[in-house]
Amino acid sequence: MKKIEAIIKPFKLTEVKDALAEIGVEGMTVSEVKGFGRQKGHTEIYRGSEYTVDFLPKIKIEIVVADSQKDAAVATIIKAAKTGKIGDGKVFVSAIEEAVRIRTDERGEAAV
Amino acid sequence: MKKIEAIIKPFKLTEVKDALAEIGVEGMTVSEVKGFGRQKGHTEIYRGSEYTVDFLPKIKIEIVVADSQKDAAVATIIKAAKTGKIGDGKVFVSAIEEAVRIRTDERGEAAV
Amino acid sequence: MKKIEAIIKPFKLTEVKDALAEIGVEGMTVSEVKGFGRQKGHTEIYRGSEYTVDFLPKIKIEIVVADSQKDAAVATIIKAAKTGKIGDGKVFVSAIEEAVRIRTDERGEAAV
Amino acid sequence: MNSPHWRRYFFLLCLCLFFSDFSAAAADSISAAPQMQSTATALPAINTGDNAWLLASSALVLMMTAPGLILFYGGLVRTKNVLSTMMHSLILMALVSVIWMVFGYSLAFSEGNVFFGNPLTHLFLKGVGAAPNPAYAPTIPAETFMLFQMMFAIITPALISGAVAERVKFSAYVGFMLLWLPLIYLPLCHMVWGQGGLFNWALGGKIPVLDFAGGTVVHISSGVSALVFAAMLGKRAGFPREPMVPHNVVLSLIGTGLLWVGWFGFNAGSALNAGSLATSAFAATHFSAAAAALSWAGLEWKLKGKPSVLGAAAGMVAGLATITPASGFVSIPAAFCIGLVAGMVCYFAVSKLKAICGYDDSLDVFGVHGVGSIIGMLMLGFFANAEVNPALANTFKANGVLVSLAGSSHQFINQCIGVAFTAVFAGVGTFIILKIVDKVIGLRVDQEEESVGLDLSQHGESAYNE
Amino acid sequence: MNSPHWRRYFFLLCLCLFFSDFSAAAADSISAAPQMQSTATALPAINTGDNAWLLASSALVLMMTAPGLILFYGGLVRTKNVLSTMMHSLILMALVSVIWMVFGYSLAFSEGNVFFGNPLTHLFLKGVGAAPNPAYAPTIPAETFMLFQMMFAIITPALISGAVAERVKFSAYVGFMLLWLPLIYLPLCHMVWGQGGLFNWALGGKIPVLDFAGGTVVHISSGVSALVFAAMLGKRAGFPREPMVPHNVVLSLIGTGLLWVGWFGFNAGSALNAGSLATSAFAATHFSAAAAALSWAGLEWKLKGKPSVLGAAAGMVAGLATITPASGFVSIPAAFCIGLVAGMVCYFAVSKLKAICGYDDSLDVFGVHGVGSIIGMLMLGFFANAEVNPALANTFKANGVLVSLAGSSHQFINQCIGVAFTAVFAGVGTFIILKIVDKVIGLRVDQEEESVGLDLSQHGESAYNE
Amino acid sequence: MNSPHWRRYFFLLCLCLFFSDFSAAAADSISAAPQMQSTATALPAINTGDNAWLLASSALVLMMTAPGLILFYGGLVRTKNVLSTMMHSLILMALVSVIWMVFGYSLAFSEGNVFFGNPLTHLFLKGVGAAPNPAYAPTIPAETFMLFQMMFAIITPALISGAVAERVKFSAYVGFMLLWLPLIYLPLCHMVWGQGGLFNWALGGKIPVLDFAGGTVVHISSGVSALVFAAMLGKRAGFPREPMVPHNVVLSLIGTGLLWVGWFGFNAGSALNAGSLATSAFAATHFSAAAAALSWAGLEWKLKGKPSVLGAAAGMVAGLATITPASGFVSIPAAFCIGLVAGMVCYFAVSKLKAICGYDDSLDVFGVHGVGSIIGMLMLGFFANAEVNPALANTFKANGVLVSLAGSSHQFINQCIGVAFTAVFAGVGTFIILKIVDKVIGLRVDQEEESVGLDLSQHGESAYNE
């Protein structure tokens, strides 16, 4: 199994989720993160002082999929999340050795 | 070393934490995430309109353990987190190549 | 490529980020987590009752780097995050099989 | 979806309201000439300064409920229950007003027997208009008095909600309140403040119990009912093993500030005019709150090593609840003393008594309002001061002889009777009502609903979103 | 950075203000002797109780805007737009005050033709001082009346902002308001409330439209303008496909509480004294809010299975907006009926009408304020009650003959005329103004700015930080 | 745990309070007959309208402290310090009240020398009752005047807390305030407002400094003390390298709204009656706030490209602080001018002056309140207008000759003297007090405590939980 971690722009979440659901990805876990990258932050003003905010809000999506599904999932994410502008994010893939569904004790690909 | 990631129901956190502490897991990192899975979301009503909320609040627990501790830890989590109802969550295991304790520069299993 | 995950004390974030930027790490993803470890929690008082808070606020930094950059990055994090006091946190390293930059479809080390 | 029932009911209700409107009009037209004048060019008897203060006070007392109390309580619960907790107070602003309009005011304040007034006298508030009711407040329209008192009838049951937060079924809560108000609150209100009420000291009662702004009627009745309700409902899942810490202390502090400010309307408004008695009640209120904040936070500092902010706030509320019955009868230094005691006693009630007895009064309604007002009522027995409020000395007659109600062991006993009666009446009454509601509706949400939170399970909403 | 322009303008403005100050002084000194006395030792005619109530009411109405409305609206938008939404109201507290000072008050309330007053009569508020204006409020300083009315001029445009939240360009918003106030609000205000205004029923108007505290002037004008603005601006990106749920319902509930409390100043203050009419308007306000909360939440309970907390709150606001025109003219049971209807009609306006028509009125300004006040104005045509407000029967003269304006099909038609005129006037006016603003500035932020949120893109801030 | 000490102290305190209560009673009974009447049936001299307004104003001024100021300040700090920041104001509501009750009021307002009053005259507020004090406010009970003034004594030190937020030790803060109030505030209050005070212009002072509602006494004294305190405490760890952005701007905006509303009580209440002078002060307050919001936000728009919401809010507060001393003396256009200047000057004080001087006044107390009120005091020297407040022309006598205090270079010099004296007195006094407190307690938390946050380290709480 593979774990796919994608860092995307927050307003793309719905699109990515729907696209993944369409290709049959049934589970995913999402968290709010802050990203630092080429896309530079912006300036905020508080009571006359300017501050540079380096970190931008991003969404991290984690999905664990069967090896066979990996390429489709990555391609789907990239397609749905792309705006072509800087800050679109990254996708990282790593190996998962074991997966268990807590409710049923199912293991391996049956669990994802 | 192995990294165990468990996605569980929020109200199970205390139980899981206590159970892990009992078998000697000394460190863990917890974050609030939103999950999408078989457990379907619910409907919320705001000013006369209904919205479907797909994402449910979940807790992600991450623990890095020595290879030898892995099975016990996974079993413990599953036992403590199970309610038998849909949405109980998943456990994923992956390999960790290196671990360092920042304070002491200890490396490897001594660090976890 | 390697993924470096570091759990650090929140007030060290700026220092770590700046130190990483200096050695050329261009991207990172940060999230707020709660940690449980040797550093014990504290007591809070609410309306006459005392509660023990086990979980302490921590920051998790994730960076994916080329294999060659890994050692420098880990060393840099450790140096910047160290206070020498309990609770300084940990660094974990794991393997990343694939990385894609969504905007350009670049793959591999070019993407990180 | 298609339910002719409720439409028919609604239609009937409207009809009935129309009818009452016109019948009232007809009734009024009998004495039309003077009445019309009175509404047109405010009666000479109406003092605009007094009316201005009472309108402002009515607004302040409503502000105590919302946003005051909803903030105070809302901040103390966990995130998943904040809306339901706020709803418990908000819905009473609507429900109680209906009851009050239909027969509630009449039951409390029209003439009747020693226990309750005649619910028909002012049915649909007929006859409650521009003309003052000289018995209660001779310089303001009777309608103003009615409004001011209504705000008390709203906040009292709202206080109870703090004890049952995070687990009560919403329908059961509504059902309970629809019974509690007419069966417990309105009679108590009549007995203590109504003309000819059993405990009324100024308008022809039997046992002269002093209660300026609601020690018995408001705080003891709600505090004791809260205790019974909490006990019958059972503890929240996980209590006391799991910490249940306030999800947003900031909200509670804002609420505390608004409660303190609103309480000036509550207590100083209870003078029913803008004269020096209002000022005196205002002052007593302030100094008691200040004192109780110091003693609660001071105790914590001493015993726990740190003065908590929520402790200071809880002390303020305790000081305010405690001085309520005494506010129009005591000097400033006495009010300060009462506040000091309030902070300490309530601190122990909340931190020790609750732990020992093992009930789960989620937001400490009994420990703060119940216990506080009990000691306030009792201390008032000694501190009541005829120089602050001369009526104490020259109003109550026993067997035709003037009796001073100023502080004395004699008056202390009267106060004890009032407290004991209120506690038993409210406690037993609440018990019976809950037995009924439990039968008919069931008091508590199921385990799954409780774990998801009442916001989602009872109201289909979450407080905080993206 | 170096811009002599604005410095010069500022200098000119200051000069101009100085000048007006001194010229006013000079003008005053013509009738100096009595004037000075009047400011020195409050005129015998000034009733301190009335003035106290009107000052308190003015404060309450400002409190409705901030923090009331900014909380209510701020809680309903998404996190990234909360500050900009609050700014929409806050900035009007400043902008409207300037217009009001320079010529606004004069345009609305000095004598003129049936459509507007003379903007020069009270330029820079000259002549608006301690002496009462007997036509409007004989027992309080004219300056108090001016202040009270200003608070209405502030909140009315602020209401509109709810319809355009989350996508309007800030500069366009400011530009729009600078035109909307003098072109729509001030004339309407004169027509309905100004001496000799077209629809004024008590001070020499032609068509006697009853509007106690602002059904036409405030709520219909803002509600209809909001609808037009929302339609011309277009939907928010993603609407209605993506859920746009309130980011913090707690804020909206606090706002609701403050709005209810503040509305007592709005409606009861509109009696312009602290007599029994103020009390009566206070009571009508309260019972309508209570009734509408019940009917809205009740409907939801029936139709959706759960009564939502935000539904109860929305019902309260609907009940308050609906009763506003009627508050000083109807009995309590009538107010209660009006509230019941308000809750139901507004519920359907918000949940069905909007979906059917497909406009994106972000925070339902039209559905609640527009629709609510329309039905309030119309029901008032039947419910107006000369026993509640005797002036209804003995003030308006058509062709020299006293005509009663109490509820009747005749008065209903007058009300219809008032409503229709206001809706068309505000709607068409807003349309034209927006065409101009769109040409000159452009109404809407670009897609990137909208997706980032207005807080950051328009104001360079985020509401919530570490 | 077992500490007989504080129990003994508490017992003594109670005894002492009892005693004072009875002694007061005894003292009163000497002139018992009239006194008792007065409390019974409000003295003929008491005007209920005036008293209603002053009670409402007292409530409004307390509302400025909580929830107004605690919200404004609480929103500006970082999450980990919000409760401690709120506590800084809340605890003063308790502490100051005690000092005020014991001897504070007497020190400020009883007769004495030019610097302070006799602390024993009204020890434990004896003799402060229903009878008016004709020198200060002839139409309201002296007790009302005492309450109103107390609210000023509470908020003034609370303002200081903004400068020391996020790093001051709580015990040091309490210690400082216990000294600052009697040594700085109360004497200043006597000098400016007390009968026979050095700078009193209306009650027999020497140098006639105009200060209607607290430019010197409240804002300059707190602003300068804040500056000194901030400087002596040192910068927050990481300042100015790390951004320290407001954790919740929404809270600050709610606070701003409440401050504006409450300020009507502050300034218009300072008329001490509900006549036309109250109205005039109300108006000046409003227009200055509006103007300053425009000029601050306008400057930002010009210089930074975007008008920030917090900037508009900061401008409002600056406008309010600046007009405070002038509010009862100037015309509306003059107030508007003052506000325009206030917004600009304070903007530069906050954004440039602070950066240049390098002190860390966390929440800009000096830049807004200190600087604002200084320019307000000085501009008042020119703008004071005897048509707005005729007493200016016919009250102050120098060498037996009436001298007009209306705007002139002469009065400007008087104002300069008042400002300079206050700044030096408060600055030096604060310096000395802090030296002592530093010796005895130590001013600042240690590094670890600061990094964890004061909420946890000083009070054992976190604001936001699950």
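The letters A, B, C, D, E and F name the chains in turn, as written, and every chain counts its residues from 1.
The criterion applied here is as follows: a contact is a pair of C-beta atoms (placed from the backbone, for glycine too) under 8 Å apart; a residue touches a chain by one contact, two chains touch by 3 or more.
Note that this is a predicted model, so its numbers are computed, not measured.
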{"item": "Comparison of B-D and C-D by number of C-beta pairs in contact, larger one", "value": "C-D"}
{"item": "Equivalent interface positions on chain E and chain F, same or different at half", "value": "different"}
{"item": "Centroid spacing, where centroids are CA-atom means, of chain C and chain F in whole angstrom", "value": "46"}
{"item": "Chain centre separation (chain D, chain F; CA means) in Å", "value": "33"}
{"item": "Centre distance in Å when chain A and chain D are each reduced to the mean of their C-alpha atoms", "value": "52"}
{"item": "Touching two or more other chains - residues of chain E", "value": "47-50, 52-53, 56, 245-246, 248, 254, 274, 304, 306, 308, 310, 459-462"}
{"item": "Of all residues in chain B, the ones touching two or more other chains", "value": "31, 44-46, 53, 94-95"}
{"item": "Interchain pairs in contact, sorted by label", "value": "A-B, A-C, A-E, A-F, B-C, B-D, B-E, C-D, C-F, D-E, D-F, E-F"}
{"item": "Chain A partner contacts - residues on chain B that touch it in the complex", "value": "2, 6-8, 31-38, 54-55, 58, 60, 74, 77-78, 81-95"}
{"item": "Footprint of chain E on chain B - complex, ascending", "value": "44-53"}
{"item": "Residue ranges of chain D in contact with chain F within the complex", "value": "47-50, 52-53, 56, 60, 78-79, 245-250, 253-254, 256-258, 260-261, 264-265, 268, 273-280, 282-283, 286-287, 289-291, 293-295, 297-298, 302-310, 312-313, 316, 331-334, 336-337, 340, 385-391"}
{"item": "Residues of chain B touching chain C in the complex", "value": "1, 3, 17, 26-31, 64, 94-103, 105, 111-112"}
{"item": "Chain D to chain E touching residues, read off their complex", "value": "1, 3, 6, 10, 13-14, 17-18, 20-21, 24-25, 28-29, 32, 35-40, 42-43, 46-53, 55-56, 58-59, 62-63, 65-68, 70-71, 74, 82-84, 86-87, 90-91, 93-95, 97-98, 101, 124-125, 129-130, 140-141, 143-144, 146-147, 150, 170, 248, 251, 254, 274, 455, 458-466"}
